[in-house]
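Shared chain: chain A. Partners: chain B in the first complex, chain C in the second.
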Partner chain A sequence: MLREGDYRVPSGCAISGFINKDGRRVDGSAIIQSIALMQERSNGLGGGFAAYGIYPEYKDYYALHLLFEDKLSRNLVEELIKDNFYIEAEDRIPTRHVRSIGKAPLLWRYFVTPRLSKIEESKETEADFMTRLVMRINDSVNGAYVVSSGKNMGAFKGVGYPEDIGEFFRLDEYQAYTWIAHGRFPTNTPGWWGGAHPFTLLDWSVVHNGEISSYGANRRFLEMYGYKMTLQTDTEVVAYAIDLLVRRHKLPLELAARVLAAPLWQVIDRLPAAERDLYTRLRVVYGSLLLNGPFSIIVGFSGGLMALNDRIKLRPLVAAFHGATLYVASEEAAIREICPDVERVWYPQGGEPVIGRLEEESQCRLSA
Partner chain B sequence: MPTLSLMPPEFRVARDDNKCIKCLACVRQCGFDAQQYDAEDDRLYAIDANCVNCQRCVSICPAGALTIYKNPPPMRPNAHWTEGHLRNIVKQAETGGVLLTGMGNDQPFPTYFDRLLLNASQVTNPSIDPLREPMELRTYLGSRVEPVTLEECRDKTRTPLVPIETPIMFSAMSYGSISHEAFASLARAAKAFGTLFNTGEGGLPEDLYEYADHAVVQVASGRFGVHAGYLNAGRVIEIKIGQGAKPGIGGHLPGEKITAPVAETRMIPEGTDALSPAPHHDIYSIEDLKQLIFTLKEATRYQKPVSVKISAVHNVAAIASGIARAGADIIAIDGFRGGTGAAPTMIRDHVGIPIELAIAAVDQRLREEGIRNRVSLVAAGGFRSSADVVKAIALGADAVYIATAALIALGCHLCQKCYTGKCSWGIATQDPYRSRRLNPEIGAERLYNLLRGWSHEIKEMLGGMGINSIESLRGNRLHLRGVGLNEVELKLLGVKHAGEAM
Partner chain C sequence: METLNAKSLSYQALNDYIRTLLDNGCRELVLKNVNGQRYIGAGVRGRARLEIHGVPGNNLAALMDGLEIEVFGNAQDGVGNTMNDGTVIIHGNATDIAGYSMRGGRIFIRGNAGYRVGIHMKAFRYKKPLIVIGGKAGDFFGEYMAGGTLVLLGLDLQPGEAIVGNFVGTGMHGGEIFIRGQVDSFYLGKEVKAVPPTAADQERLREIVGDFARYFDLEAEKILARPFTKLIPYNKRPYGTLYAY
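This part shows the complex of A and B:
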């Protein structure tokens, strides 16, 4: 049977996430509890988490989470890493034995910083350099896969129910201000750890529930900008689209959301002139990035979180507030499970982004 | 056609005398003098050799007394020397001329649209019901420059993009080649539906300037009817380099068709032949094209997107890339099935490539070079149904041009005699007795209905795929599967074979 990445696997899913906007860091037990409640939305063939703020001691280094299927691929990647980076620290990602989790690949993490000479050689920005390197590993080193590559963040994912994956990765031992979780229901058996969510690129992490019918159009547009779709999942497309719009084309996240879930023409036509021009232009130029079809996504990034529905809300998404914490999930119950006394619960409209950002002072405190 | 020919007539007119009421409508309406009346004997009869099977008499006969039959081929069956070849040879032996014909290539070359199938949603994503949910077909034509910044949105000097409410436009048919009535029908329908019609190379008649905002004004090698007012009145300017029905050759509108109003619109003397040279005599290379593009842009203060229309030929991808780099905003590609008012039969039937392959090659090439966003891609040439349109867009086109389908909606029965100027349907003629038969109001309504029907069908197909906006279909070849195509064809079209998963 082909491995995921050689063909496309549609999946249904559960998603959940929260951000403490005051910068308070909490361990992973709450998010595990929340995603575990939605167990019937996944089928044990994929679960994963992303956590922001977990490596304060290495916050200036890119934390590369890698999985290897064998020693050979690890040797190849390590050679590549040593060529291009200074390695500040490296170790096995700590795990504990969980009965329901099958044989795991080799899981390693490296805290690295790119060699200046290499960046200069490549005549790229540091972020572009990192992106290219990650893509090179995923694309060309057989058996190796970069699970995450951002600073002061990490993704943990594998084949199993999300609560078991969380247990396996000992997430109760990490402290983060943003937690994002995903339980997967793929329509066939990929059985490969790299295929689980979240999908990440640099600081971006994306969990996603849905199937994007515009995948072919989105993919071919992104390929023009040098992105390589190694996994052939919708989630990968979402991550690259956001990277292109926000990091490379410098659009505010709010507007990027209006590209991914563009307002209908009938709505745009009724806007005041200046706004109408802007939204028309966004749709005209980035029409190929419109994510068409059912989806709800949670996007994590350094210092924030965004949840977004497709424009006609074909997949569930609920948001809630309690104090400085913003919760988003597929089901209200998953929020009430970990926060019984929520202050406000609402169902965001299709295409209406819900964005939570760290308050300024906590941002300073965390980066200091 | 000479009275005595070595070939028997192609068609036979059969009249049921029990039904015929001798109203003589067929005699009056036959454009080709096939229907005759002998007043002395009070007898109706037909000259079969004149019949072109345009079906006009059959359609209008109030008694339903007429039927046209294909004359059974008298020749011994021969797979190599077909009846068509024999007829052509005899015709040329009799006249010594170049074989002429009208409309598009009618030979049995493969039609790739018929080997492509569409996708639909089941379970994992919901199909969308266009009766309940919004379904968007609006398409913008022109050059898209990214990234979008807040400042450039306020920049009013930028060439505006042109919206059309359905990805279907009327392709170029010049006033002169078609009647004023047919031309006006297209203009009215385009305006009513919010799409564009194309003036072709014969200019825009003075009385139709009220529709200019929905016109693609063409500039062809003969430059007929081109002046500053014309360029600035249109919505889009199109430089016509080639036409799918006759790549590499020019045009010839005979003097008989250059009536006073046609002459005025074309800005040539009445009754003179209107000859369009094969190449533009100021475009002998790609840099010359660039000069013309920018000449036209300067003449219109950069307010009109400039389209360049070429016929689909072997090297179409590289040529299209050159056109994009020369500054065009739109590239229109006309496939070998595209129609014409007149073309040498050998050229029409043997030059050019299928539009499906051309779209796939051009779209892929422009993407590989990272310049697909710089131009809109319009496909033309033999679109027969909304399914063909959907497939073309999935292959990579932004929009399509239809012309043959539009004429069929107006009454055309594809008799392929447009070049004679005798059209019984009042379409390809300048004879007021004939053209009066086409009422522009009714014509426009029929065209509007066609656009409406196709647009509805496109929405249904999109909804089935789980898509609610046409831009998510553009270049989305994952929604296409080939059947009975070989590996080279699949590779060129960029589609998988039916049965292969996503």
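This part shows the complex of A and C:
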């Protein structure tokens, strides 16, 4: 069977997400309702969610969500995990039977913390150690893929309409302060469970509507920093690019957005000198991380979310807020479906990031 | 007058109801609780009137031929896609590609509009599409425009807020754009030039703005007090020599 990436994927996907900035956690039924409203944007070949704040009882452990195509791959990965980690808990990811969802791979989760001796041996930071492990599983264990690897968060994805995937993964039983969702429309390729959105690394998760035409250039750049593109879908580069820019190179998220959707040169030419200098430098240093082609994305991370369009807005994106909640979606109707009387609706410009973060007080409360 | 509750109806079911009612002679139809249903009024011919409460989905009035649709709420992408005739009045905003390939009829938007309004709009003899926007518009306003009229009023702009985005009229080769006030040449695409409106243009603008003010209960004189900039294409085949050596 040919997988994602062996074909071109012209997509017309749906994205939706929200964050309760006051840290209020809600179950997955609202996000399912929102993404389901845009069913015409998906075709049943991929749906997925990321949720933040769902594992307070294990918040200090990395929650590894894993997908295994067979028992052998599970055994190999478990061996690898046992070598490198202390396992606090492990479990099948709870699912329920949904008629429209076909045969699912084996879905497991492990709450782990890296063995100190192993980190010392590797002379890496804990996050780099984790990243390398994720890359190693994806790259070298046939049939095993890491669905998510952050703390107090998790991704849930598969082949089906997003509302059915949400039902399958019993998302009504999880409580999160941020939910993001994706409905997929790969028209001429067999969807597969690993190729559904979100794409993740550590706390980062990305859902995407569009096409990254610069995938090859982005991939070559990221490979120089040790990232391995194994999931054969263009969106994968976005997750790793943000990890490189924000976690490793310490760029503020606002500036990372200006790397991915860099202002056009003629716009840069008109900026005041200091900004012109900054954006020129960003384009020179990170030219290979510019995402070319049409996209709207939502990026989830611990304590916040960001929505971003390509710089000439070739995909739809609407934002709204109501009380302490920030909503972003492909269509306004998807927001109104779960919050009919939003206080304010606006339409972000191409390349203009919309960022919502937990208020400081709730950030403390959730991590305490 | 009939009323239909669109809550939780699929777009197929809703449009089936609408068509059945119109086929049976309904002249005025009120749709309540619309949220995201696509293709309302799409391909429908006739002189009936639809009133929409809520947010209609993408491609409202696509290929529409004669209806009058009034929306009390915001509209989404692709309003009046390839519309042939009729009138769409939107009391809120419309998003990207409003009037895409529109070939006739009129769209009035009280609020703001998104990117690429009027892209590929065209005119032929007596078919002359018109879009009027009360607020501001995004980048690529009138992109590849081949005919018809765009009017941008810039009412209620915040201080420092631009009336229009970058690349106005990129690839434009027919039709005309009127923007209230001055437009910095930086915003213009390479294919358009600014000229002062003629006396005949002024006369037509009085009519157009008069209609707009009537639909939204505004004072036309106040709007007209500020002079307009007219944008027209430099020539009819901007890319005619692009690949010719």
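FYI, the second predicted complex is superposed on the first by the 359 of 368 C-alpha atoms of A that agree within 3 Å, B and C clash if a C-alpha of one lies under 4 Å from a C-alpha of the other, contacts with A are read in each partner's own complex, and residues count from 1 in each chain.
Going forward, contacts are C-beta pairs under 8 Å (C-beta built on N, C-alpha and C of every residue); 3 or more make two chains touch, one makes a residue touch a chain.
Model, not experiment: these values are computed from the prediction.
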Next on the checklist: So in the superposed three-chain picture, is A:214 touching just chain B, just chain C, both, or none of them (first/second/both/neither)?
Outcome noted: first
Checklist entry - Once the shared chain is lined up, is A:312 touching chain B (first), chain C (second), both, or neither of them? => result both
Checklist entry - In the superposed arrangement, does A:33 touch chain B (first), chain C (second), both or neither? => result neither
Next on the checklist: In this superposition, which partner touches a larger number of chain A residues, chain B or chain C?
Outcome noted: B
Item to check | Touching partner for A:294 - first (chain B), second (chain C), both, neither | outcome: first
Checklist entry - In the superposed arrangement, which partner chain does A:225 touch: chain B (first), chain C (second), both, or neither? => result first
Item to check | chain B versus chain C as contact partner of A:270, first or second or both or neither | outcome: second
Checklist entry - Can you pull the chain A residues that chain B and chain C both touch? => result 312
Next on the checklist: For a test of understanding, state which residues of chain A touch chain B in their complex under the given definition.
Outcome noted: 7-8, 10-12, 187, 210-211, 213-217, 220-221, 223-225, 232, 248-251, 262, 264-266, 274, 277-278, 281-288, 290, 292-294, 311-312, 314
Checklist entry - Where on chain B does chain A make contact in their complex? => result 121, 124-126, 128, 133-134, 136, 138, 140, 144-150, 152-154, 161, 367, 370, 372-373, 465-469, 471-479, 501-502
Checklist entry - Can you list the residues on chain A that touch chain C in the complex? => result 37-38, 40, 267, 270, 312-313, 316, 318, 331-334, 336-337, 345, 347, 349-350
Checklist entry - Once bound in the complex, which stretches of chain C touch chain A? => result 11, 35-36, 38, 54-55, 57-58, 74, 76-77, 93, 95-96, 112, 114-115, 138-140, 165-166, 186
